[in-house]
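One structure is given here, and the rest of the page talks about it.
Letters are used for the chains, namely A, B, C and D, taken in the order the chains are written, and counting of residues starts over at 1 for each.
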Amino acid sequence: MPSFQRVLIANRGEIAVRIARGLRELGIESVAICSDPDHDAPHVHAADRAEAIGGQTPAESYLSIDKVLDAAKRSGAQAIHPGYGFLSENAGFARAVRDAGLTFIGPPPEAMLALGSKEKAKEAAIAAGVPVVPGSNDDRGDDAQLGKEAARVGFPLLIKAVAGGGGRGMRLVQNAAEFAAALAAARREAKAAFGDDKVLLERYVHPARHIEIQLIADDHGDVVSLHERECSVQRRHQKVVEEAPSPLVDDDLRQRMGDAAVALAKRVGYRNAGTVEFLVDAANKFYFLEVNTRLQVEHPVTELVTGVDLLHLQVHCAAGGKLRDVLHGRDLRPRGHAIEVRICAESPEHGYLPAAGRLHVVREPVGPGIRVDSGVRQGAEVSVFYDSLLAKLIVHAPTRLAACARLAQALRDTAYLGIDTNVDFLRRVLEDEDFRAGRLRTDFLDRKPELARGPQAPPPDLALAAAVIGMHALANTTASTGNGTTGNAPASATWQRIGALRLWEPTR
Amino acid sequence: MPSFQRVLIANRGEIAVRIARGLRELGIESVAICSDPDHDAPHVHAADRAEAIGGQTPAESYLSIDKVLDAAKRSGAQAIHPGYGFLSENAGFARAVRDAGLTFIGPPPEAMLALGSKEKAKEAAIAAGVPVVPGSNDDRGDDAQLGKEAARVGFPLLIKAVAGGGGRGMRLVQNAAEFAAALAAARREAKAAFGDDKVLLERYVHPARHIEIQLIADDHGDVVSLHERECSVQRRHQKVVEEAPSPLVDDDLRQRMGDAAVALAKRVGYRNAGTVEFLVDAANKFYFLEVNTRLQVEHPVTELVTGVDLLHLQVHCAAGGKLRDVLHGRDLRPRGHAIEVRICAESPEHGYLPAAGRLHVVREPVGPGIRVDSGVRQGAEVSVFYDSLLAKLIVHAPTRLAACARLAQALRDTAYLGIDTNVDFLRRVLEDEDFRAGRLRTDFLDRKPELARGPQAPPPDLALAAAVIGMHALANTTASTGNGTTGNAPASATWQRIGALRLWEPTR
Amino acid sequence: MSGHKTYVRDGEPVDVRVTFEGDRARVHVGAASYEFRVVAMAGGGVRLVTDHGAHTVFVAPHGKRQQVRVDGHTYDLEVARARGAQSVVGTGVVEAPMTGTVLEVLVKVGDAVDADQTVVVLSAMKMEHKLLAGVAGTVQEIGCKAGENVDQGRVLVRVEASKT
Amino acid sequence: MSGHKTYVRDGEPVDVRVTFEGDRARVHVGAASYEFRVVAMAGGGVRLVTDHGAHTVFVAPHGKRQQVRVDGHTYDLEVARARGAQSVVGTGVVEAPMTGTVLEVLVKVGDAVDADQTVVVLSAMKMEHKLLAGVAGTVQEIGCKAGENVDQGRVLVRVEASKT
């Protein structure tokens, strides 16, 4: 079985921890890199060794191609795993890694470039016969012609400024009668905002679901679909809850979406792990959105329901291995149900304000069917420099309802205190009736602002009582060991304190 | 879906914790019971509430039918889950529970009685057409007749004293020529030891594997096989490592063993979860051993590879639910590979001497594919009164080799210190070449005494250095907060200490 | 051992007083009263046990506020005054809250002190208790010395509150 | 800060001495010397970091022996003498191992002490250090008092070893 002896992990946080563990299981040495504030971060100690690359901000550290390559050379690594974010989708980095004689554990830069811009990716999808959101981007200033195009695209549709962004120059048009007036208004707005009144038309897919297909591809022409993930619960295109299988996908749709994703991957010579994102409308028609050319945050739900280890497969494929050697004869159909929530340092109750500070309490749940991919430890400082993701909590259970119950309970057993987090918000989502019924749409959270707000009731007496007792209990378990400690080996009082944290009992 | 509102857990340790968690997921209130030394044991705090039943020894507490029933009545529970051990296979208890108007989450007492003694169980198996170890138990004192019986049973065979036990009066006979002399010797020994020279003959299955079939049965006639567990790695009939699927079972054997187990269960009117144990010889012939009429220690490996939750199924069936309602259309074939090790307070390096004392350090591994079912907490006293099982460490991975690697790594990440445990021994087993190759037999550990002995080399310098540094580090992180603490909320020094355990940094 | 803290709830101050006896805590929240058995958990949390069940509690400071997580619900509490979280007698009369040994006297007569300043460290029940001045002012009297055994209720330090 | 302990390995005593500077530990095991960066882990373990990788360490008392778990291997160490695990000067001269404040003096001149008996509690680097007599004998001299600031090397207590 081809493999590597040593791999550098060009990332931090939970994904770097997860990669280090996976590499160790494969008998591969892992090398972490760390910025200055990450000196003793969990990912550093999860790896076999670490290379300090200095810097505070991502730009000075994890985004510096030169520093990462230097660290790889210093450490003698033969390959680099980019994780997600940072340099993971940077074709220039992938090429620089290859030029340095190392292996990039991900797709070749050519495939990344072919899928890098939305426009190029859409062209590739069309060429591969993958449905895209119907639209028209050929505005020659002829409003009558655009009216005909609009009829072809179909209503409802969006008029968007070609030069635009941020919603300016955008108009939602429900039917043909409204089109002319909306077009005129959009042109005026676009002209005023961008100095260019060109517009494009795009079918408005609504209500929509966000469903994506996980792929893995080897160097030998095999591309395997590991089926869908349902990621409709989003806020401003940030996924909040992900699950597999989708409660809204049947075998037929699964097969057709998987086939489409595989066709696109083959078209662009894709290799390694990747995800093809789709919008799915109420009639189960699906439209290509984009390709994520990396391992994704939400990959664990796919692992749990298909039984594969995506990190192991990534390493296997990057080392030139054949997928058929490891997947042949395996039943990969989704089994049971997996749900992931992203635990973030942010306050949904206060407009999702990001939080930073010291994590005084970290209590992560354990138990059957519970997986925690965590990148933090108790006592650590949560920095403003990095992504707000603290940990991912993932459950696997026989049915979707059992998974909801397991995850809601796991969230109750979770505590990250000292800073604001979204733990309570996530629990409210999991307990929401529409969520439990699988009624998921991309505007799920927009339509339920009360989930972010939380209960408005004042804290009950129990909370106040618990606060005071908890505070005293903790303050007093740190009490003096006083005298009387005999000197042989660690004082028993020490052990009691660090060990049991026994309350209200005299130390010996 | 039929269910209960409140269930009493008549057990302690990891299984009681696991049951409490499972009940909570089902929306059922759990009631723990506890003896005096278990006053604040983890299982007590895992449940929604607890009934103290007093007593020190099991006989005074968890084995007392009266106390358990009293607690159930006091708490208003509608059902009792017995766990394993203690009263779980006591038909009298099951009947008393029923007579008290409560539901016993397990088989009916009639089925337990039908399978309670080895002799009765063997008769039931024969009646159900399940192969048993060939033998003869009809000694009328006629040695010539016994010689003919021996030829029918086949060689090698064991001559055992009918009244016997502990190996006295037992003779292994390799062939017919040795039979007469061995019979005479066995009779003499049996007469001397038990005052009765009657013997029985039994085929000696060797080398043998211990493979068992997990069943679940409802009140409506459905009995479902959840396939095999491989439990050959044993010491004196105590299982040490369990896995699923067995590396030695193919689809055909799996089907035949499952069919045999289901036939036996149907024959005796079995209900709920149960396990049919078999010996399997080198030619893949299998022989019935006995039935365990309860949830077993090793049930998690079956859960991981089949995707079911056995506790949920037990509750569903006990409440009168139909298996087809929850299992219909589910693919239950084993997927991936799961291995469990039993972490015990015992020292394999010192003849498996049981250990008791304070668990100063408890560090349980986390990560993808790792499940820990634990019944202890850091700082707790491990009592001599109870079973030595501290926790079960279970992994699930795509292949058996990946599971071995994952479990070996998880064991390295595990620490239970303050008393002797078998953690290092288990790691040596997992790393053993024959184990990794799947060459498993019931005499696996007997043939490898070096696994129990462990390395005989003196501790390296690193160990001594680490011991002194570790000791100082811990002793000094418990240092005084001194003065200067401002009074607002918990002292930051307190938080630092309990939180980060930051070393060599002044507290503020 | 006892303690006291004031929170703000619905804009109104709520006094919370706790008294510990053995492993029992009696808490007054405003006019209501509750009793729990308190059990520490490995890992830093606390279980509050009642006859009808138990609550799992984690606490942490959160800037000037305080986070408490009870049975999976987090409350971010507003603290009324920085009166001190440790054993406090808020009148300027610092009494021994239980029989014990004085470990340290951290002030002398005439010292200016803050309300939150530790004035005496008492060892009792093998635990260290920091006794705070309770009011800002000037130390008038010291009623103990380091190493001395003191009975419950003994006045250890008197502070005259400064006029503000 | 430094410490010292003697283990028995292969029937022979092995002296282990450790000196801490900041987060670095230099350890002498017999004649060999090692250096590590020491990082505490949440949960009670310690990481010993070298240029070539790191070791994960857990320690616990085990009756009269000591358990240490290094990178997943447990060693059950035989301790040579009960000489004390805290900062020890084994000659009967108890010196301040670092500049700090004396919290408590637990003996007086003429007291009989055991080698493992704490004689002075020193607060330094905001940590409490228990200083042991180091030898069994009689207290000859006390060189400090509670509350006093002392420099590193200051003789705090002298103990005359008893004849055995």
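Throughout what follows, contacts are C-beta pairs under 8 Å (C-beta built on N, C-alpha and C of every residue); 3 or more make two chains touch, one makes a residue touch a chain.
Values in this document were obtained by computation on a predicted structure and should not be read as measured data.
Student: What is the set of chains touching both subunit A and subunit D?
Tutor: Touching subunit A and subunit D alike, sorted by label: B, C.
Student: Farthest from subunit D by Cα centre, which chain is it? Let me know.
Tutor: So the farthest one, by centre of C-alpha atoms, is A.
Student: Check B-C against B-D and say which one is joined by more contacting C-beta pairs.
Tutor: The greater number of contacts lies at B-D.
Student: Rounded to the nearest whole Å, what is the centre-to-centre distance of subunit C and subunit D, using the mean of the C-alpha atoms as each centre?
Tutor: Centres of subunit C and subunit D (C-alpha means) sit 34 Å apart.
Student: Counting in whole Å, what is the centre-to-centre distance of subunit A and subunit B, each centre being its mean C-alpha position?
Tutor: Roughly 38 Å, centre to centre.
Student: Using Cα averages as centroids, what's the distance between subunit B and subunit C in whole Å?
Tutor: So the centre of subunit B lies 48 Å away from the centre of subunit C.
Student: Which whole number of Å gives the spacing of the CA centres of subunit B and subunit D?
Tutor: Roughly 44 Å, centre to centre.
Student: Residues of subunit C that contact two or more other chains, please.
Tutor: Residues 39, 41-44, 56, 59-61, 66, 85-86, 103-104, 121, 128.
Student: For subunit A, give me the residues that contact two or more of the other chains.
Tutor: Subunit A, residues with two or more chain partners: 360-361, 377-380, 418, 471, 474-475, 477-478, 480-481, 489-491, 495, 498-502.
Student: Report the topology of the inter-chain touch graph, choosing from line, ring, star, complete and other.
Tutor: Shape of the chain contacts: complete, all pairs touching.
Student: Okay, in this complex, where on subunit C does subunit D touch?
Tutor: Residues 103-104, 146-147.
Student: With touch defined as at the start, can you tell me which subunit A residues reach subunit C in the complex?
Tutor: Going by the criterion above, the answer is residues 357, 360-361, 363, 378, 411-415, 417-420, 423-424, 427, 458-459, 461-482, 499-504, 506-507.
Student: If you look only at subunit C, which of its residues touch subunit A in the complex?
Tutor: 1, 3, 5, 7, 9-10, 14, 16, 18, 20, 22-23, 25, 27, 29-30, 32, 34, 36, 38-46, 48, 55-63, 66-77, 85-86, 103, 121, 123, 125-129
Student: Given the complex with subunit C, which residues does subunit B contribute to the contact?
Tutor: 40, 45, 48-50, 362, 377-380, 480, 483-492, 495, 498-499
Student: Going by the contact rule at the top, pick out the subunit D residues touching subunit A in the complex.
Tutor: Residue list for subunit D touching subunit A: 39, 41-44, 47, 52-54, 56, 59-61, 64, 66, 79, 82-86, 88, 104, 106, 114-118, 121, 128, 130, 132.
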